[in-house]
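Shared between the two complexes below is chain A, which has chain B as its partner in the first and chain C in the second.
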Partner chain A sequence: MNQLLKIGMTVQTEDSARSCRVEQFLGGGGQGEVYRATLDDAAVALKWYFPAQATAQQRRNLQLLIAKGAPTFRFLWPLALAVAPGVGGFGYLMPLREPRYKSIVDLMKRRIEPSFRVLATAGLELAHSFLELHARGLCYQDISFGNVCFDPANGEVSIGDNDNVGVDGETGGGVLGTPRFIAPEVVRGEAAPGTQTDLFSLAVLLFYMFMIHHPLEGRKEVAIRCFDLPAMTRLYGVEPVFIFDPADDSNRPAPGYHDNALVFWPIYPQFFRDLFTRAFTEGIRDPLHGRVRESEWRAALAQLRDLIVYCARCGAENFYDTASGQSAGACWSCRQPLRWPPRLHIGRQVIMLNHDSRLFPHHLEQQLYDFSNVAATVAQHPGNPAIWGLKNLTGRNWVITSGEGAIKEVEPGRSVTLAAGTRINFGGVEGDIRC
Partner chain B sequence: MSAGLVLPPWRALGASRRGAAHVRSGLPNQDALLLPDLESDPPWILALADGHGSPKSFRSDRGALLAVNTAAAVCRRLPCDPESPRLSTIKHWAEDYLSREIVRCWREAVDEDIAAHPIAAEECTQSSLASLESGGHYLAYGATLLVVMVTVTFIIYWQVGDGDILTVADDGVVSRPLPPDEKLFGNETTSLCADRSWQEARTAFQVLAGAPPALILVASDGYANSYRDEAGFLRVGSDLLTLIRADGLEAVAANLSDWLDEISRQGSGDDVTLGMLCRTTTNPARLGQWG
Partner chain C sequence: MPKLPGGELASRPLHFIWIADCSGSMGVDGKIQQLNFAIRDAIPHMQKVAEDNPNAAVLVRAIKFSNGAQWHIAQPTPVAEFKWLDLEAMGVTDMGMALSMLAEQLKIPPMSERALPPVLVLISDGRPTDDFQKGLSALLGEPWGRKAVRLAIAIGEDADYEVLQRFIGHPELKPLQANSPEALVRHIRWVSTAVLKSASAPASQPREGGVSKLNVPIPAPPESGDAAEDVW
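The block that comes next holds the complex of A and B.
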């Protein structure tokens, strides 16, 4: 299906005239075609623009992005402009996405079934990535399913299609993508894409990941007989109503049409649902002040990870809801009663201590999220499997105070028993175990 | 042809033939083919549906007909200004909405058809009747559907269920624009009538630039099943392009029905349907100048 470049031909990087061989057609989009290529024996991706898209403005934008560099390595960021003798237009090189990454379309179509922990990790990484992007004065403009992928095994994300990233406040006002992910004020033609509108798109994407559904597609969508551009503009721009708006039930999910939303929404803790409610009520009414910030999503998703508990009967992931108090309720999957495991409270954080729970630096210090650096793990007593503990994997001693007031030090590599009332001083912060 | 009148850049032809086994058993042709009206403004829509034909899908010939007409109606609702299509928007529309809309509208068409022509007990078996009462009435109309939507700037390929869409490049190289469907196994197929069938649909979006296809083929599974292997079937694409170039489209059109009858007789015995869009210009820039 490739039309622009021939397999086996060579293109040159514009800055250093290094040769890059075109190896394989990977896919086509609305702007151009993407190929696998080799540059100095390394595999890279090469996007080549259709003639109508190979504009001077696109070229300037790419030069700017290449000069600025990637906000984080999660972005498949433009590395170099590419030109080819005898072929019109230009393209650019970027890192090649590894096959382990799957798109959110795969999630929608149930070709992958990641755990809630993976979804929360992917959401956290997305929020963090867009925070880093926005902190550099850039905006993505086109957040949607198609350009975000994640590894269903661990939640690591990979963000593509970065050639449309622009400088916040200097975007042209053109609408990219479908109205489905675009902020209502942009759909209505009242605002240009920017960091504020990215926040709306990010919230839509997160809602999609967790509910496998769109936040504005309820009964109003079912009532549409002809899903054309005016209908889309009305649903996503002129009359956007959150399907779970507590003050407006006119657009509730319709059973039989929107079952995913009806099934998934009640599974999540209240604080997480509240954040979505704010994003799609205040966030629509007041785009400047009402939207949920990337850092808020990041903190919420980190907390969501920590609230996962497993059903003892069917193994399904459930969530401890701090708003529901001690009542464990029933497993959403098998409907059998749940039992909470011990939990660790550190300041405002609650960490459910499952058999596989781990603590990371962000739990113990004011550090950024680094899931490759484990600070503690729940561990079973080697001689008595009925006893569980929290193993110190940091480099310093913890000081614990038992429920009876006895004080003891726990050296690195040693564990503290999970007993109610135990307080642990991790150094900078203190936590207590509750059962 | 008067001077100054511009022809559309594509010609269409096709035929749908009742299978040899259907003739023997008295079953109707359960395929449906819709060729585009190339005299009208784009998009031009080529659609082919294949009714399941099993006892439980006793109205699948009607289901197939409703499917091709529904597909055409939905595809005409392109969410863009035809004067300045934004290709990214259309690609997203094709990927996000087309499937849901086609399935939803097909189901509505089935509901309306049943309301207008209620199912009589003698149409179906006792077990089929029981399944209708438990909400399985879409199965009675069950069909697969293949759609090719062509404009002057892009092509959308869409498919749910079995059957084949092939493209043939100017140099005769045959490709499948859609990824394989792993759920197609033996005679098992995904279908418009299945729950969440829109999720099973496959979509591809191709901007017309550089080297657009010279020929696009859509065929019901009866066609490919009449060939011993994939290579033999794929060769049909390049052979047809060679024939069209050597003998002209009219000659191919004149013989097509006989060929399809022969293929069914010698092969699967199933209904065989083939639709084609043949590009009439070798200049891609001309594709954007029509209209």
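The block that comes next holds the complex of A and C.
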């Protein structure tokens, strides 16, 4: 509201007393103000706390976070504490968020229109990022719309507001979280924020991203006239009922009020819906053991990416459902019947082989997700466009066994025709093509 | 062709209503000009808060009182399209009439049954010259009047603090005292941003905040005095 720092002034990093010039006021929040600044000719962000928020505890927390370092580069992590002669309080420096990142609010307001593949990638990155954070004994405590951004072109995420990150189980940060995202046991005052409550907030955020709707807002929400704090406490804390709870239909989405939930839900494969169902049934009943873990979301979102198919008529992304198998439904967009492309089964993974499908190291080896490293791509035969194949982009030969039992090698740079019954030995793992 | 089905996140209306004193005394020392300036200054910030909030459809209007009361901006206007029309000062302080007229508009209908708590901001520099209690009773007789977040800004030393406190109705929330143009700008900005945000999508809840009896968590108001001076 009032600018705490003057443009053009310099602040000092606490550790090495490097000078940092304040360049531009970017915005204010509940705790302080954020500026664009330059440190050694590099652009950084500088958050300066309001006097009431510049507590000794906040300072200790920041020092701890700076010493620990960022879990992954997706976090805009505190780099150094900053002080300024003649100005009260303190602030901290962090990387500046690139403008290509857009907030989840932009998605909620449909100001950006990412593809399902981008959403799945962003969800996967979020789950992975919070896994890395939690694995270090830290908890975020305030996963919500405002703190997470993603690139609508490729799904890369950027996680801000890390100064409330604390050590799980210790009263590090000073927040309960953001209403609508706070776990029910915290809303009821029975628990403090921590890793387990982060898992609930992550599930809410993912539900918002994939359904553009809140998982607990159904008929019970319609019945509320004045949506104030007591109403929110009841809906999100005292009587939380998942809108698609298979055992309790008291809070189903209401047509005309919750259309997004009704439209999006049936589009997704059963396994993905089941995961949300567990997150908001078992995950509410049993906060300690019932919640969906980050690694489960990560695996599920990787699988969801691979199940995308394009409608042959309108091009819209749809999903192959391993549970319903061959019975392709209709496209959600143009309502025409869908046709499944060939698919590759590798262990429990199913990869739909669209014209643009690619395999990554995680498909072929026990490796983590690296979408910059392509292991194979679907390719068209240069002499006969009617023939499609899978092109080997790895550094080693694949061994294929055709449906008739013939064995051949596929060297790097060459392709194997997509034919039902073909088995491909990628080295460590084997897959088979089904049509 | 859209890449995703559906539409925007479902939201609820949030009515934000200015209740402005335009009595003759507001014409002294440029107070009415200061108020016009402060509200104009706050609008872009209000729009930014609304833009960042997918849960509320913010609708703004204004009622004024002097000799009687009338709607100054009668149409609940989406905040992105809201334009302030300058107020002029003249006459007495019929605050009770303004509250009665407000109560009429908070009936269901014209109000919808489902909404976020309305935010009512009463700004005055003097004492009511009509039956304030009658107006307040009418307002509190409406469910949306009772549920509303009611805030008051006292301009100058002559404002009736006690009346403004009765309008607020919660002893833990005090009228905001604006004894300088800077303080008025700060208070107007605060009610149209921080309070607006709290009424629709409260920000991160501080752990030490102490759960209040209010039905909307009101963040700490800007510090009294000139906070900028304290820092510099």
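Note that the second predicted complex is superposed on the first by the 427 of 435 C-alpha atoms of A that agree within 3 Å, B and C clash if a C-alpha of one lies under 4 Å from a C-alpha of the other, contacts with A are read in each partner's own complex, and residues count from 1 in each chain.
Criterion: contacts are C-beta pairs under 8 Å (C-beta built on N, C-alpha and C of every residue); 3 or more make two chains touch, one makes a residue touch a chain.
These numbers were taken from a predicted model, which means no experiment stands behind them.
The superposition on chain A brings chain B into a clash with chain C. Of the two partner chains placed around the shared chain by superposition, chain B and chain C are both touched by A:Gly29.
Look at A:Arg110: by the touch rule set out above, it reaches both chain B and chain C. When the two complexes are overlaid on their common chain A, residue A:His289 makes contact with neither chain B nor chain C. Contacts of A:Asp142 after superposition on the shared chain: both chain B and chain C are touched.
Greater residue coverage of chain A by touch, when chain B is weighed against chain C, goes to C.
In the superposition on chain A, A:Arg348 makes contact with neither chain B nor chain C. In summary, superposing the two complexes on chain A brings one listed stretch of chain B into steric overlap with chain C, and the stretch in question is 75-83; the others among 21-29, 75-83 or 129-137 show no clashing C-alpha atoms.
Once the two complexes are overlaid on chain A, the chain A residues touched by chain B in the first and by chain C in the second are 1-4, 29-30, 51-52, 105, 108-110, 142, 144-146, 174-178, 180, 226-229.
Chain contact summary for the complex, chain B toward chain A: residues 77-80, 86-93, 95-97, 101, 167, 175, 177, 199-200, 204-212.
The touching residues of chain A, counted against chain C in their complex, run 1-4, 29-30, 51-52, 86-88, 103, 105, 108-110, 113-116, 119, 142, 144-146, 164, 171, 173-180, 182, 189, 192-193, 208, 212-213, 217, 222, 224-230, 257-260, 263-264, 267, 314-317, 332-333. Contact residues of chain A toward chain B in the complex are 1-4, 28-31, 50-53, 105, 108-110, 142, 144-146, 174-178, 180, 226-229, 232.
Interface residues of chain C, counted against chain A in their complex, comprise 1-10, 12, 51-55, 113-117, 143-144, 147, 186, 189-190, 193-194, 201-208, 211, 214-217, 219-220, 222, 227-228, 230-232.
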